[in-house]
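In the two complexes that follow, subunit A is the common piece, with subunit B as its partner first and subunit C second.
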Partner chain A sequence: MALTEIEPAKPRRKRRGGGAGYWLYLLPGAVLFILVIGAPLAGTLYLSLTKWSGVGDPTFIGFDNYTRLFQDEVFWTSFKNTLAMIVAMVVVPTLLGLLLAAVLFDVIARRFKPRTAAALRAAFYLPQVLPVVVAGIVWGWILRPDGAFNSLLDSIGLGALRHDWLGDPHTALPSVMAVMIWVQIGYPIVVFMAALQRVDPELYEAAEVDGANWWHRFRSITLAQIRPETFVVALTCTIAALKVFGPVFALTRGGPENATNVPSYFAYFTFFKKLQVGYGSAISTVLTLIIVVVAAVFIWLQYRSERQDREV
Partner chain B sequence: MATTLAPAPAPAPAPASTRRRKTRDRHHRGMSRWLVLTLITLAALVMLVPFVFMLLNAFKSPADYSNGGPLSWPSEFYTKGLSTYWTTVNFPLKFWNSFLIAGSVAVLGVAVSVLNAYALGIGRVRGRLWIVGLFLLANMLPQEALIYPLYYISKQIGLYNTQLSVIIIFTVIQSAFGTYLLSSVLGTFPRSVLEAAALDGAGKWTVLRRVVFPNLRPTLIVLLIFFFIWTWNEFLIPLVMLIDNSTQTIPVALASLQGDRLMDAPTTNAGALISLVPAILFFIIFQRTFSRGITAGAEK
Partner chain C sequence: MGRFRKLGVAVVLAAIAGTTLAACGGDGGGGSEGSDAKVLKLWHYESDNSAMGIAWDKAIEIFKTEHPGVEVQFERKAFEQIQQNAGMILNSTEGPDIMEYNKGNATAGLLSSQGLLTDLTAETEKRGWDKKLSPSLQTTARYSDKGVMGDGNWYGIPNYGEYVMVYYNKDLFDKNGVAVPTTYDEFTKAMDTFVAKGITPLAEAGAEYPAGQLFYQLALAKADRSFVDNYQLYKNPVDFKADPLKAGAQAFADYVAKGYVAKDSASLKAEDMGTAFISGKVPMIVSGSWWYGRFKDEMKANWDSFLFPGNKLNAGSSGNLWVVPTSSKAKSLAYDFIDITMRPEIQALIGNNGGVPVAADASQITDPKNKKLIENFNTVSQQDGLAFYPDWPVPGYYDVLVSGFQSLINGSKTPDQVLDAIAKPYSDGVKEITGK
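Take a look at the complex of A and B:
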């Protein structure tokens, strides 16, 4: 799964009758790709320069949608909320996941039975298995005014804190963030625990003999050894955070007062509820650009850090 | 892409520490390891609380729910919520739609991925790095950047509100990832094996079928399962493309019911419970395959 395993470019000129015949095998994939990805993407780029309600002919208006977009408060809110999503889906799960994976692998599996560690890992991973919309619906009910969370507060004597968690603009975003942490945490734990298996146990043994404490070992062995996986987790989760749609749809539909709106939902709403196809296309285009830039930066950072490793 | 990843095999038991170190700070470690275990177990239990709530309330009658609240023990084993959900959403049909779409996408997506990767990884066609990059990009694109033209075109050609439209779209999106993964695997395929087959007079198609495909099989099975689960859980494109009750998938059906506000809390929970059973069953059944595939990949 590593992102850098694209084969090394090794010119093999001597082979006769080379690549030509292989193009045939690329044909079905290429045709499908152009029909389903290429053409629609080009269509969205074009539509972003038009005013169109989905019926009749689009009117070309140049960059008006984009000027409107940059003055639109909802647009800026949705991107501010994306930053919150990155905290909830990338930063917190990756940091917590590192810590939990290291503790599960290093303390629980070694000082107790590996089965204990496996069972605990499964508990953390379970939310990843269920469809994210189902997670959204269950949490939506838990956080309702008459939902389970408020009853729980009542039963432990904290009834004063009762709240409409998703209905109040002040608590809606933190609530959605908490749900996303719950959903995401299992992914880095599983990846990091798999990664830790490739680390030579003798490194730890040696460090232990040298008197390094747990934190020292975590920092200089664990973190260093599983850096490639950390990159992959951070990249895939960042892309997922930028694109997040299902949970927001199921939990809050972007509300209340756009408090939980995100670019994906904003685009969907603009396309299919407000029927402003040109404007929706502009939102999608900006989101696409951001994702491409973020992915490029990540891959470049990863490439650079791997090259440094090789040079050391 | 980040939603599902195979669990790794259970960590191998670490070699037992030597006795000398155990006695040295046994007291300190003995205390703290139990503290760590308690803390992490508590955290794991917190993760499971929503599932407990769901189970607890899926078997309550609406009256029971309004009297006792969400935390009370059900006063009777009430299954009408489950059956109401089962019949109102016509669950067997929704299950079949999800299964048909996810299954077709898994098979077709793997087939397209193999063909692409054969040309890119083994054939090393010109400009392959760019082509692989393009496929990778396609997998990362937000679906909003494609959805309106896809929606419009499928309406024009009569594919709107058909499972086929969703199957075609996800075959391409998933195979974009598959192409990226498999072409890096095939890029390291031993040349000597290919050359030996060519000497025996095997054509490109025979090499693919007889040499490359059997070799890839463990990876392909893992890919098949990934594609199935990813497609099963997809939401935006099915939500837009499948508006009819007879074509909808499980997540879309559940979400649109919730929008109606017709469902009482027990039925919501029953619905969520039924909807997550297939995913959990699938996960349990294929857990071993996952581990084997991942290990096979690691040995490459």
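Take a look at the complex of A and C:
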């Protein structure tokens, strides 16, 4: 009864004020947005059109930084490495996370106790809790020439494979990628397991009664039901991969020979080490633009997928 | 609306008043400026148990005794904190009256060229600090109007020095029947002996400064002062494909090929190199005097050091500088403090705690190991042998060198290719600074 009393009031208020009254509620958020995001973004944009060492007055040079950027080999290398980071931080963790979440939810939790699945989920999530620089330093110890990984190879009779994993340009990027998979894997697992909990168990039971095997159930029920979460995971992980900095800083500082350089580290290096604030701002601006475009594409895909679902 | 307008006007007025007051507070001036100040804000980034930390604690104590009624507000900062924020801090009114700051074109040079540091020339001559510093130590204290070190006005005063040498493990030398080398030939023979016994003679760290410094030492063997002036002070263009740099890169590649340096040391950091030496795993390292105190504290084996055999020029320089920000409100007190740090008793304190004082009375240094460290430094300094560091010439060059010498350790590039890779960022950087 209460609902029917409130409902008609809404359109009346809307007609009277035309929604203008609501803008007031957006004000705190808008002010914060302008202060925390809008102003620094405008500042970076402006600086990207200047030459500046960080002290004194910037000199306006137009689009010179951008022209230089697109001819800079290191910039392109850093973006090539970003693609590798997307594989390590989005593609592999999402696929593997999907599979592991389904196994934990559907097999482990049923055969053993749900508590076992929860414990395993927590174990997978652990790297996410560790500060990324700490994880980076520890992995640096493991992968160093006299580190635990080479000792392990020795002890299992594979001493011939001993290697300077982070020091060789051929193995540095795959090593960083492996660490990133380890760091990332827990996040999709936790999200997907939470998503699976809202799936109606009757769907699975009905499918089982109809003779669907695990793979059929995974494909037709699990994947279909948790699609919104998959979008969220893919979007957030892609943004994380595009702006990844901490692990690269802690593990390799972009080296050897730029083999693991990424745009964020490249921007940091240009800003703080080379004191080329204008050029560093141009790198950051391009990176921001790419992130915004990627985010927009994802959101549009998600919106389209939801609309299709509604239409079905 | 009226209320908001009043508030706006009040805010603007307050802001104008603030800037006016700030402007009154900190203009440049003579030696007596700020002598009546009641507070000296002092920042430095030495740890409290380091030689400099100990010496400067004592200097603060003496300063307080000699300036009763002046409060010293000391804040210990992190090196990186100052390195990355100095420009912003000194542009504000929140900066200190005196601060320890990095020497070099990209740091003290840059700030001095922007008018953020006080010109100390008159005070230096008046108080005789210039007499206590050898010409190669003065290089890092003086900057041109473009911020290039070497000559021009004084913008900082160094109290201590540092230089690169060879540290060796006496026990390992004795055990393997290797004599301490005095010439470069003996040095390579000693390394051959270790290699023949399956021991890598030099610990190296490709991911940080040590590799670049070894390369520089090897290049300096074939260099003279004019090369250092050209390379570091841009007096003339530098040909990377000619000696000494060519010889340095080739010698470095040979060190890797002959097994003097481990092929899998590209990812190691300076700390790894130091701890390998401390734990007695390697007989030698080529690195700086900043390790001295730590080896004294932590090493169980007998060890000693010698200057890189055959080199007249060695990587090394003055230590960091005391600078007085232009916005300092207690300049006169800041000069008094610098003067105290130059006194023999403070200099001796640096020396007796494993540091390298620039103006110490050798007879006051009691520990024989510390004495040797200082004597060797004096030898280098007096023969005008401090050649600074290879990464100094242009901002960001450190990482360029790290990357270059990682390639040589990995064998992924030839010395020629590495010289190409490090030549371009150098010439780009020099162009950026000098406009030539």
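By definition in this document, the second predicted complex is superposed on the first by the 277 of 312 C-alpha atoms of A that agree within 3 Å, B and C clash if a C-alpha of one lies under 4 Å from a C-alpha of the other, contacts with A are read in each partner's own complex, and residues count from 1 in each chain.
Everything below uses one rule, namely that a contact is a pair of C-beta atoms (placed from the backbone, for glycine too) under 8 Å apart; a residue touches a chain by one contact, two chains touch by 3 or more.
As the structure is a prediction and not an experimental result, all values here were calculated from the model.
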First (subunit B), second (subunit C), both or neither touched by A:D164: second
Touching partner for A:C237 - first (subunit B), second (subunit C), both, neither: first
Partner chain(s) touched by A:F75 [first = subunit B, second = subunit C, both, neither]: neither
Touched subunit A residues, subunit B compared with subunit C: B
Which of subunit B and subunit C A:P145 touches, first, second, both or neither: second
First (subunit B), second (subunit C), both or neither touched by A:F272: both
First, second, both or neither for A:E257, with subunit B first and subunit C second: second
Which superposed partner A:G54 touches (first subunit B, second subunit C, both, neither): both
Subunit B and subunit C contact sites that coincide on subunit A, given as residue numbers: 54, 140, 272
Subunit B-touching residues of subunit A, taken from the complex the two chains share: 1, 5-9, 12, 18-19, 21-26, 28-29, 32-33, 35-37, 39-41, 43-44, 47, 54, 89, 100, 103-105, 107-112, 114-118, 120-142, 146-148, 151-152, 155, 182, 184-185, 187, 190-191, 193-194, 196-198, 201, 205, 208-209, 233, 236-237, 239-240, 242-243, 245-246, 249-250, 263-264, 267-268, 271-272, 277, 280-281, 283-285, 287-288, 291-292, 295
Touch list for subunit C against partner subunit A, complex: 84, 87-88, 90-91, 106, 110-111, 113-114, 116, 206-207, 262-268, 272, 395-396, 398-399, 402-403, 406-407, 409-410, 412-413, 429
Residues of subunit A defined as touching subunit C within the complex: 53-56, 140, 143-145, 162-169, 172, 252-258, 269-270, 272-276
Residues of subunit B defined as touching subunit A within the complex: 1-8, 10-15, 17, 21, 29, 33, 36-37, 40-41, 43-45, 47-48, 50-51, 53-54, 57, 69-71, 112-113, 115-116, 118-126, 129, 131-132, 134-135, 137-138, 140-150, 152-153, 168-169, 171-173, 175-176, 179, 181, 183-185, 187-188, 204, 208, 232-233, 235-236, 239-240, 250-252, 254-255, 258, 265, 268-269, 271-272, 275-276, 279-280, 283, 294, 297-298
